[in-house]
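Below you'll find the structure I mean.
Naming follows writing order (A, B, C, D, E, F and G), and every chain is counted from residue 1.
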Amino acid sequence: MLPAAAGYDRAITVFSPDGRLYQVEYAIETVRRGTLAIGIKSKDGVVLAAEERAKKLQVHTMTQKIFQVDEHIGVAAAGYIPDARIQVDHARVMAQSNRLVYDEAADVETIAKNIADLAQQFTQYAGVRPYGVSLIIGGVDRNGGSIFVTDPSGTYLAYNAIAIGAGSDQVNDLLEKVYREDMSLDDACVLAIQAIYHVSEDKSGTKHIKMAVIDNKSRKMRRLTEEEVAKYAEIARSRGPVTQ
Amino acid sequence: MLPAAAGYDRAITVFSPDGRLYQVEYAIETVRRGTLAIGIKSKDGVVLAAEERAKKLQVHTMTQKIFQVDEHIGVAAAGYIPDARIQVDHARVMAQSNRLVYDEAADVETIAKNIADLAQQFTQYAGVRPYGVSLIIGGVDRNGGSIFVTDPSGTYLAYNAIAIGAGSDQVNDLLEKVYREDMSLDDACVLAIQAIYHVSEDKSGTKHIKMAVIDNKSRKMRRLTEEEVAKYAEIARSRGPVTQ
Amino acid sequence: MLPAAAGYDRAITVFSPDGRLYQVEYAIETVRRGTLAIGIKSKDGVVLAAEERAKKLQVHTMTQKIFQVDEHIGVAAAGYIPDARIQVDHARVMAQSNRLVYDEAADVETIAKNIADLAQQFTQYAGVRPYGVSLIIGGVDRNGGSIFVTDPSGTYLAYNAIAIGAGSDQVNDLLEKVYREDMSLDDACVLAIQAIYHVSEDKSGTKHIKMAVIDNKSRKMRRLTEEEVAKYAEIARSRGPVTQ
Amino acid sequence: MLPAAAGYDRAITVFSPDGRLYQVEYAIETVRRGTLAIGIKSKDGVVLAAEERAKKLQVHTMTQKIFQVDEHIGVAAAGYIPDARIQVDHARVMAQSNRLVYDEAADVETIAKNIADLAQQFTQYAGVRPYGVSLIIGGVDRNGGSIFVTDPSGTYLAYNAIAIGAGSDQVNDLLEKVYREDMSLDDACVLAIQAIYHVSEDKSGTKHIKMAVIDNKSRKMRRLTEEEVAKYAEIARSRGPVTQ
Amino acid sequence: MLPAAAGYDRAITVFSPDGRLYQVEYAIETVRRGTLAIGIKSKDGVVLAAEERAKKLQVHTMTQKIFQVDEHIGVAAAGYIPDARIQVDHARVMAQSNRLVYDEAADVETIAKNIADLAQQFTQYAGVRPYGVSLIIGGVDRNGGSIFVTDPSGTYLAYNAIAIGAGSDQVNDLLEKVYREDMSLDDACVLAIQAIYHVSEDKSGTKHIKMAVIDNKSRKMRRLTEEEVAKYAEIARSRGPVTQ
Amino acid sequence: MLPAAAGYDRAITVFSPDGRLYQVEYAIETVRRGTLAIGIKSKDGVVLAAEERAKKLQVHTMTQKIFQVDEHIGVAAAGYIPDARIQVDHARVMAQSNRLVYDEAADVETIAKNIADLAQQFTQYAGVRPYGVSLIIGGVDRNGGSIFVTDPSGTYLAYNAIAIGAGSDQVNDLLEKVYREDMSLDDACVLAIQAIYHVSEDKSGTKHIKMAVIDNKSRKMRRLTEEEVAKYAEIARSRGPVTQ
Amino acid sequence: MLPAAAGYDRAITVFSPDGRLYQVEYAIETVRRGTLAIGIKSKDGVVLAAEERAKKLQVHTMTQKIFQVDEHIGVAAAGYIPDARIQVDHARVMAQSNRLVYDEAADVETIAKNIADLAQQFTQYAGVRPYGVSLIIGGVDRNGGSIFVTDPSGTYLAYNAIAIGAGSDQVNDLLEKVYREDMSLDDACVLAIQAIYHVSEDKSGTKHIKMAVIDNKSRKMRRLTEEEVAKYAEIARSRGPVTQ
């Protein structure tokens, strides 16, 4: 932080002389320091994965960072997780409301835009802080599978594959090199684990890996069991580190 | 920033001794640093163009900076894009409301004034920041085609051709030299691409160029396909750099 | 600004030890730096004129600083123009409401007082800034023609002839010397242009001059065409600089 | 201002260690620097007078500082005149409401207390500034003629003769010396002018003098015409400076 | 004020490290510097007295510091008198409401507690300042005569005799020495004047002395005429300075 | 106060780095400096006692620090007494509401929890200060006699015997040494006076001692008369200083 | 605290440049300094335990830190206990509402999420402070026994065994070493006491130990009597310090 930043970075309602919103940038820093989350779109579905570090006596079956918004939409979060919960609850209401009003499941982009619009509000009005979280919103709707990423600024963008959180720069480099649009959902799952191993300290265990998939056929989100994750991890380890 | 600025530039509700609203000027700086957006009025329609830089795995078919407000009105934005989305949603409601109340499509100026009035509110009341975005609002209504530009101060002005965002000074110089009111829509599209190439680092590709046109006959906004953009870009490249 | 000003000039709700409202004075400074606007009352009508500087590709037929409030009342503004728009919209509602409630056109002074009362509110309550604009409100009502000026402090005063904005001190000196109550509307129009030429850099063109008249007979505001302005400008130039 | 004042004089809601409300005192300073206003009670009526400095092209028939509240009550103001207008409007509503509710004209003191109560509110709650104006409220009710003075602190006091604004100390000294309760309304009018000449730079003209009377018989406020003021001024000049 | 006070004395909502509310103490200082007010309970009634300094042309019949709350309750105030007026108006409503709801006159303590409760509110919530006034509330109800004192902290206490305002320490010393519960109302009136003379600069005039009594029989507050005050003052002077 | 405290102790809504709420601690300091209050539970009732220092002419029959909440519940307060009054009024409404809703007298703990919950609110929301008072709430309900203490933090605890205010540390030491659960109400009354004498400057008078008892049989609070207090005080003096 | 923290740690609505919410971290420090609380899940029920330090004359039967939310859910708190009370009251309403709306007992996680959502709100909006308390929420629902922990950040996590408050790091180390999922409820009770003895100064008494259990069969929370605690403590002491 340059000395010039001092004073312009205390409130979301103050621009700096160079037109920046420091508080939003600091909130994005919160995301950057959160544990890794990944979303990959394959030709037959979408996979969401997240690294979750737990204490020894913590209950492992409870997932902290992967949420279900609707039957066909899931979310993987990085950053300040209590904020993610609030945004997901907001999205759930929106998704149900879509079903009630239009009698059909909400498009994934509709949900992504909605969360991003909510985030924007928290960058313009005094008396609040921006949300300190980014969400990878993956799902399958009438347009097929898609992945969107929202961030504290209120931006949302569509990706084929994306990582957020600590180590995401390296993982995104990796993904850009090896991702292919025609990869299978199974391969996408393996790639997600390879990506986590790429930057995680624990490069063989699976307890710190949580995953969920939404396949194009069923259009239903399903959390992977510990066994399934282990199976994909084994394949990942057998393939060795990703050479590019 | 002069030392004298310190203290008068922390809130939109404080004038500086020389009668300036620094926060509004800083918000305009946000626009100045946004990627380029262009609007050009031709004798048979209006063209909107924007440069969009994307990461490799980002989905290119999703446009970030060009929006449709109503059948006959489009918007190209520069600056803080989440703010643009909010303003566009606001304009959409206004446009629909115009159809409901008056049973006819809103004039382009009505929409522009409405967005500018909204922006003014965010320069006078505490507890908010100004919108950090400028919009080029192009459309065709009963008065023919027209282009308006709104900015964070709440000003709106009519132009025949205008660029906003990074490099806009150079592009506006260019436009002032080569623009003719009687140019065709096709030529306007080519000129828009020439203008982008004039300041962009990527002077031959088209993935970073998004365009939309509203022609005077149909009065309907239509996004150009990648192929159409490529075709205009080829013509642009064949004509060489604009000599003045 | 004296050092003593520091601290008392940050909010409209704080008086300085010498009983001044610095924020209001700074807002008046915004007016002083705005482009020139002029109002002149003649024996058969009122003329409003404003200098408007435009970029080359800006649409010249759109007037930025002269507004119509009601059939018989016009406004010329100097200062922060988005604020002027808000005040004018406010005045329009007030004028229509007057027609509805009393079944007659509002007096010019009623409108002027109303705008000034609105401006006063923005000098007494925290959380807002004063309006950074002055309006010349000219019109013809049952009492004949009249011209009022409002400013950011909430003051309104009646004048026979007045200029506001950059160069207004020199123009007002000029007006005081040459103004006669029995001058014709045509002469008032010529005088308005002479006044603009008196301080403007462009002393022969007319693109930067916008004018409107309300004559006593029709009691209707009418914007002058470019041709009419050019005609008066020719007379103005033929008469030479005003010798006093 | 002593250094100790710093910090306690920024808000009406903060007492200084010596129990003072600096912001209220600063608002009173605004009154002290306003142009002079005078009220004198005679045996057959009340006279209000004010000095009004105007620019050359200002319309002289419009009075800035003397207002009518009700048929039988007038006001002369010194200080920040836009605030006076707001207080007078407030008093007018109160006076009409009195007629509606009690079917009789409001007592002068009722109106004075009401304005003072309003002023008090603006000394106790954050988010506003005190009114920067004092009013001389003169009128004739069932108890005869009376004069009250309100100030920014919310105080109101009854006087036989009083001056407020710039030069009021000298004028009040003068009034204390020459005022007699049994003087005629005509003599009170002459005295008011003598008092203005006593401190004004312009010691013979009458354009800067505005006056109104409420005589005990008619109980109706009447503004003096320029001719009447001139007549009284002639008498005043003929009597020479007041020797005490 | 010790340096340590700095910072804790700017708002009523901030305690100092030693548990003090400085703003309340400063408001009490306002009372201490106000002109003297006195209340004395005698065996056959209560007397209220206040010193009021007036300018020469001020109307002497108008009392500034002694108010009537209800038939049987009066108030003498010291400090910021506009605040006293607000509290008294509040008490009047309360007293009338008591008559409406319970069909009987309010107890003096009920009124005192009510005013004190109001004052407490202004010591606990941000955005206001404490009331800068103390009231001596004297009256005769079904329990006989009584005197209560409220202050800016929201405290109320019952006294047989009490002085507040400038010089009150000396007067209270005097009262403690000479007060007897069995003194007559006449003697109490004389004592009140002696007390004022004890500290006032004007030790013989009566124009600066305002008084009111509520006798036990009639239970009605009555303001003393100038003649009555003069009569008691003569007795006071004849008795000479109080020797203790 | 350590230098590190500076800045974290200005608002209840700011934690210090070591997790403290300084404003709450300062409010507790207000209690510590208030005059002593005591509550003792005996086998046949509860006694409340408070030291009240009064000026000579103050009415002694009026108690400042002991309040009745309901027939069966009393309160002794230490600290900022106007706050105590507000809390007690709040408790009275709660107690009456309990009777209305459940048709039975409120439990003492219900009242204590209610007051503590109120106090908590004033430690978490901006714009207010914490209550600067502790209450000893004593009463007899269906569960027998009990004593609770609330403080500015919103804590409430049950005690057999407790002192709050100035000197409470020494008194609590004393109580811990001599208190026995099987002591009679009479002995508890004597002990309360012994405790006051233990730390008070006045070790023989009784005017500064106010007491109330709620005995288990009647379940009714009764204020002790001056004679009763004197009687207990005589016994207390006869027993001599408490030897431990 | 690094100097860089200064300024970013004064409000929950301000992120630091490294994306931290200092006020939330300070609130967590409040928890860390609170007295110890423990929750352990056994194969046939859940045990909650808390250390409570009391003064000698405090009533020991009243528990401060263990609360009942519903028949089947209990809470043990560490940190600022008045905040815990508020959260528990909130949870009670939620639990009853669940019974009303769905006609069944709330899941333990539902209650935990609800409290955590409440806590999140107090980290995002200005004008409040975060809750300074963590809760161990233990209960038995249709999914069996479970233990959740909420903290000031709004996070909630599931544990098999967990300690919060002072000394919790050491206790959690202990629990990680000796905890077995198949331990009996009796053994869990003994372990809880061993854990308290592990870090408490008092390593043999039981007055400072409060406990409650919810067994899987009855699904009812039951507070342990002093005798029961003593019994378990005896076993704990007989087993000696936990060797790992």
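Simple rule for what comes next: a residue touches a chain if its C-beta (ideal position, glycine included) is under 8 Å from a C-beta of that chain, and two chains touch if they have at least 3 such contacts.
Which chain is which protein? Per UniProt: A, B, C, D, E, F, G = Proteasome subunit alpha.
Given the structure is predicted, the values throughout are model-derived calculations rather than measurements.
S.K.: In the touch network of chains, how many steps separate chain B (Proteasome subunit alpha) from chain F (Proteasome subunit alpha) on the shortest route?
M.R.: 3
S.K.: Just give me the whole-number Å value for how far the CA centre of chain A (Proteasome subunit alpha) lies from that of chain F (Proteasome subunit alpha).
M.R.: Spacing between the chain centres: roughly 56 Å.
S.K.: Just the number, please: Cα centre separation of chain D (Proteasome subunit alpha) and chain G (Proteasome subunit alpha) in whole Å.
M.R.: 69
S.K.: Quick check: what residues of chain B (Proteasome subunit alpha) touch more than one other chain, meaning two or more?
M.R.: Touching at least two other chains: 126-127.
S.K.: If you start at chain E (Proteasome subunit alpha) and step next to chain F (Proteasome subunit alpha), which chains follow, in turn, all the way round the ring?
M.R.: Loop order (chain E (Proteasome subunit alpha) start, chain F (Proteasome subunit alpha) next): E, F, G, A, B, C, D.
S.K.: So in the complex, the part of chain G (Proteasome subunit alpha) that touches chain A (Proteasome subunit alpha) is made up of which residues?
M.R.: 7-8, 12-21, 113, 116-117, 119-120, 123-127, 146, 153-155, 157-162, 172, 175-176, 179
S.K.: What part of chain C (Proteasome subunit alpha) is in contact with chain B (Proteasome subunit alpha) in the complex they form?
M.R.: It is residues 1, 5-6, 9-11, 22-23, 26-33, 54-59, 62, 64, 80-83, 85-86, 89, 122, 126-132 of chain C (Proteasome subunit alpha) that touch chain B (Proteasome subunit alpha).
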